[in-house]
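Both of the next two complexes hold subunit A, though its partner changes from subunit B to subunit C.
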Partner chain A sequence: MMPRKNLLVSAVRKEQIIKSLAQGKRVDGRGLLDYRPLNITPNIIEKAEGSAFVKLGDTHVITGVKIGVGTPFPDTPNEGILIVNAEILPTASEYQEPGPPDEDSIELARVVDRGIRESKMIDFSKLVIEPGKHVYTVYVDISVIGMDGNLFDAASYAAVVALMTTKFYPLINQNGTLVKGSEKIPLPIQDLGVSTTFAKVDNYIIVDPTWEEESIMEARLTIVYDKNGNICAVQKGGNGGLLVDDVLKIVDLAKSKSEEMRKVLEGVISNA
Partner chain B sequence: MENQLIVNGKRTDGRSPTELRPLKIDVGIIKNAAGSSYIEHGKNKIIVAIYGPRDSHRYGINIERATLRCRYHMSPFSTEERKNPQPSRREIEISKVIRDALEPSLILENFPKTTIDVFVEVLQSDGGSRSASITAASVALADAGIPMKDLVEAVAVGKVDGTLVLDLNDIEDKKGESDMPVAFMLNENKITLLQMDGKMTVEEFKAGLMMAMEAAKKIKEIQKEALTRKYSSGERKNDA
Partner chain C sequence: MNKLVIPGDVVAKGNFRSWSNVFKKGEEYFSMFVGRAEVGGGRLRVIRLTGPYIPKIGDFVIGVVTDVQPLAATLDINSYVNGFIMANAFFKRRIDPSRYDLSKKVNLGDLVAAKVQRIERGKDVFLQPDQKWKVEGDAVFYISPAKAHYIYTSRSRIPSKIKELTGAEIRFGVNGVVVVKGDLKKIEMVKKALDVIELKYDLNGLYNEIIKVFGKDGKSTDS
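The block that comes next holds the complex of A and B.
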């Protein structure tokens, strides 16, 4: 059976949600532009080079970073490789079935990948062991273990915190053989792309939608800002449209919201 | 500089920054399909076939509205290097965003318990194949007689050599600083697809959105003209 993307929200509940928005409040008590409580625990998997467990309300995501060695792509012989994979686990909801990644998981992985890649978060030119032959491959594996909406931001925060806190043993080329270094090093980090996601429910723009809100929304918009205030990734989702004016408004809202979330993420990383 | 993509205000293919590539649409090219279209947009050559509304499989039944499915697929010979015919993760994502771009325009409530399939086959790919696919698919859905609120048209804008440009070709897509495909439902002033990668300031983003909207108006005229060409000749549907 196809996994259910949307919850069945009763007409009464929908009315309640919208009435509440009209009064400037979400049904869970938040303001329209408030995130749910965000709790991030870095380094919770000892065997991974980097990891983070993110709780965004009841959306729970764990991300692990593993560093491997690979052959560079022929068109980028002097760059390391990034591979982002996401899986919405069958633990996440009663509707999720085990199996290969579905389109939602693939979209999730690709949007998180875009945020990391396009913000130039990692300096891949520094992840080369032997040009054209050996480069580091950075594997970012995202597991959604509980879902209650806004998987994009939760997965993105888990991925960037895991990458920022990654420590791995470098490999040194000694007469043609690769030898493990003695001290762990961090990844060459040069930026931090911060994702924020907005949804349009009825006529209201809200941030950090829950699953229930996503199930009755028109559409959502995820925007990633780099540290200099440039937009580096955008993804519209959902089977409705957004007014041109909504998009223009969300871009501005996202900028100030991303600055707020950037402080939160930086706080987590500096305490790790 | 040797690698410049814009020289004296001209792009690699001779266009100005705000110029569209040649765009041509034919309607009703596949007899068996409920609706179909063929688009050439730059070097993109894409066919779209619509099947349905037809009975849904038992598991996919929606009792309130038709289920819209979309498959975007690139032929193995559509690229420089042979493309593995298995659907890639990129194709799966694009299939999803195309479906999300078309669905807001359709009145699916008219066909409960049925499925409408949109099959997009990219025979030759160039920059902007998802945008061209959306433009063509919307025309094919109209040809299939699926009731709609508006046609959907899509085009990409981006930044190349620091300049905002319209409708990126392959090399601009690959070497430019950013790429932003946008789809519109102009009657309702709505955006139904919006993606971006690369880097843009907020001002560039907003200006790019407006540039895309102006181009969408031109594309919509080409869509309407293609539909008129088929239906004004007095031909019966599916006789093409």
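The block that comes next holds the complex of A and C.
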């Protein structure tokens, strides 16, 4: 039996979704520019330095952060290292098969990585123990345990909340040996990149697409804004194209939506 | 005696003539699923309330065509396994695939009504198309397959009552797929009734709950 990779929405359901969009609402009752209920639980994994569990509708993502020690890359001897891994577990949906990460998981990890890196969220220059020799390595492991579309935003929110709530024991260089510090410190955070994802379904622009909507969309655009309102990462997906007007419209919508989501994320972090 | 159980819960002790969805260890019977346990009359069973659709021979399902090959069509039957319909079954006789084109009968994305005919190796589900196998409609809804299976296999009056109260043309699949044909108002009414099934964690009193949604005169209310 061929493994089923993608959801194929029936012609009747597709028509139903498009008719509903024409009336200004989605099949699940949301408006075109409404997110599904977002629920974030920080510090869900005791043994990780930072963690978060995000429920965005039926999309569930759990992320853990571990801090290790490594050798810096030769071109950046004075900077720490960020490594983002993503995995869509077979339990996430009946369509997901066990095995090594597929292209969707790799894309997910890259988009989340880009959002964190390009928004300059972490000051990597402060993650150096001994220049050129020892730096902190920040591992962000994303596990998708429930799959119902818009994995980018859910994974991104889980990653940023986990990083913002990370606390770890610093290592101090004492006569050439690294000694564990006595008190935990947070990561040097300087910004917060907020991701928003839009999809184009039959000429309608919608935010936070479900898996069904993603499977019938023409194209998808994920935009990450930093706190100053600058675009710091963009990812386009889907087989179809986007018109210039569509992109400009999405850029405007993404800015206001990212501000909205930023307040939600900051609220979660301040209460953690 | 009825009670809600989770996997591993002790459902009952003693000897029973028949049991389902439980396993026995010593004198105790443990639940295998999240569900409602029913004990009485020498019988013991757990009615599943969550989980995917598990195909059983004789089930009437509605699936989406996901692949069409010369000899068979593959269907997504809202389960962890695919369903297959052989080309012969569509043409109602043995066919030569070089002369008969199955893709002229079914296309990707079509909804097909069929009955589970046989299950091989526990994962290859072969289906027999229904007399009216082509399912047409204006809306498709999904309800919990575990609940749907119970509702359609327990001779419940719920499906016929929903049809009666809404006046819509509805086709129910045991796998939780519901296809509705009718105007927008009727579709909304069906959705309200299905929401009651979906939101009620237990199945007790479901019939009355659905009637309550439509009020005494059969018109939908917001209660």
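The rule we apply is simple: the second predicted complex is superposed on the first by the 266 of 272 C-alpha atoms of A that agree within 3 Å, B and C clash if a C-alpha of one lies under 4 Å from a C-alpha of the other, contacts with A are read in each partner's own complex, and residues count from 1 in each chain.
Basically, contacts are C-beta pairs under 8 Å (C-beta built on N, C-alpha and C of every residue); 3 or more make two chains touch, one makes a residue touch a chain.
Nothing here was measured: the structure is a model prediction, and the numbers come from that model.
Of the two partner chains, neither subunit B nor subunit C is touched by A:Gly31. In the superposed model, A:Ile106 makes contact with subunit B only, not with subunit C. Residue contacts after overlaying the shared chain place A:Gly238 against subunit B, while subunit C stays out of touching range.
When the two complexes are overlaid on their common chain A, residue A:Arg13 makes contact with subunit C while staying clear of subunit B.
In the superposed model, A:Glu94 makes contact with subunit C only, not with subunit B.
Taking subunit A as the reference chain, the count of touched residues is higher for B when subunit B and subunit C are set side by side. Shared contact residues on subunit A (touching subunit B in one structure, subunit C in the other): 1-2.
On the side of subunit A, the complex with subunit B involves touching residues 1-2, 103, 106-107, 109-110, 114, 117-118, 219, 221, 226, 229-245, 247-248, 251-252, 255. Residues 52, 64, 66-67, 74, 76, 79-82, 107-111, 123-124, 135-140, 179 of subunit C touch subunit A in their complex.
Across the complex, subunit A meets subunit C through its residues 1-2, 4, 7-16, 94. Remark: subunit B residues 59-60, 89-90, 92-93, 95-97, 99-100, 103-104, 180, 185, 188-202, 205-206, 209, 213 touch subunit A in the complex.
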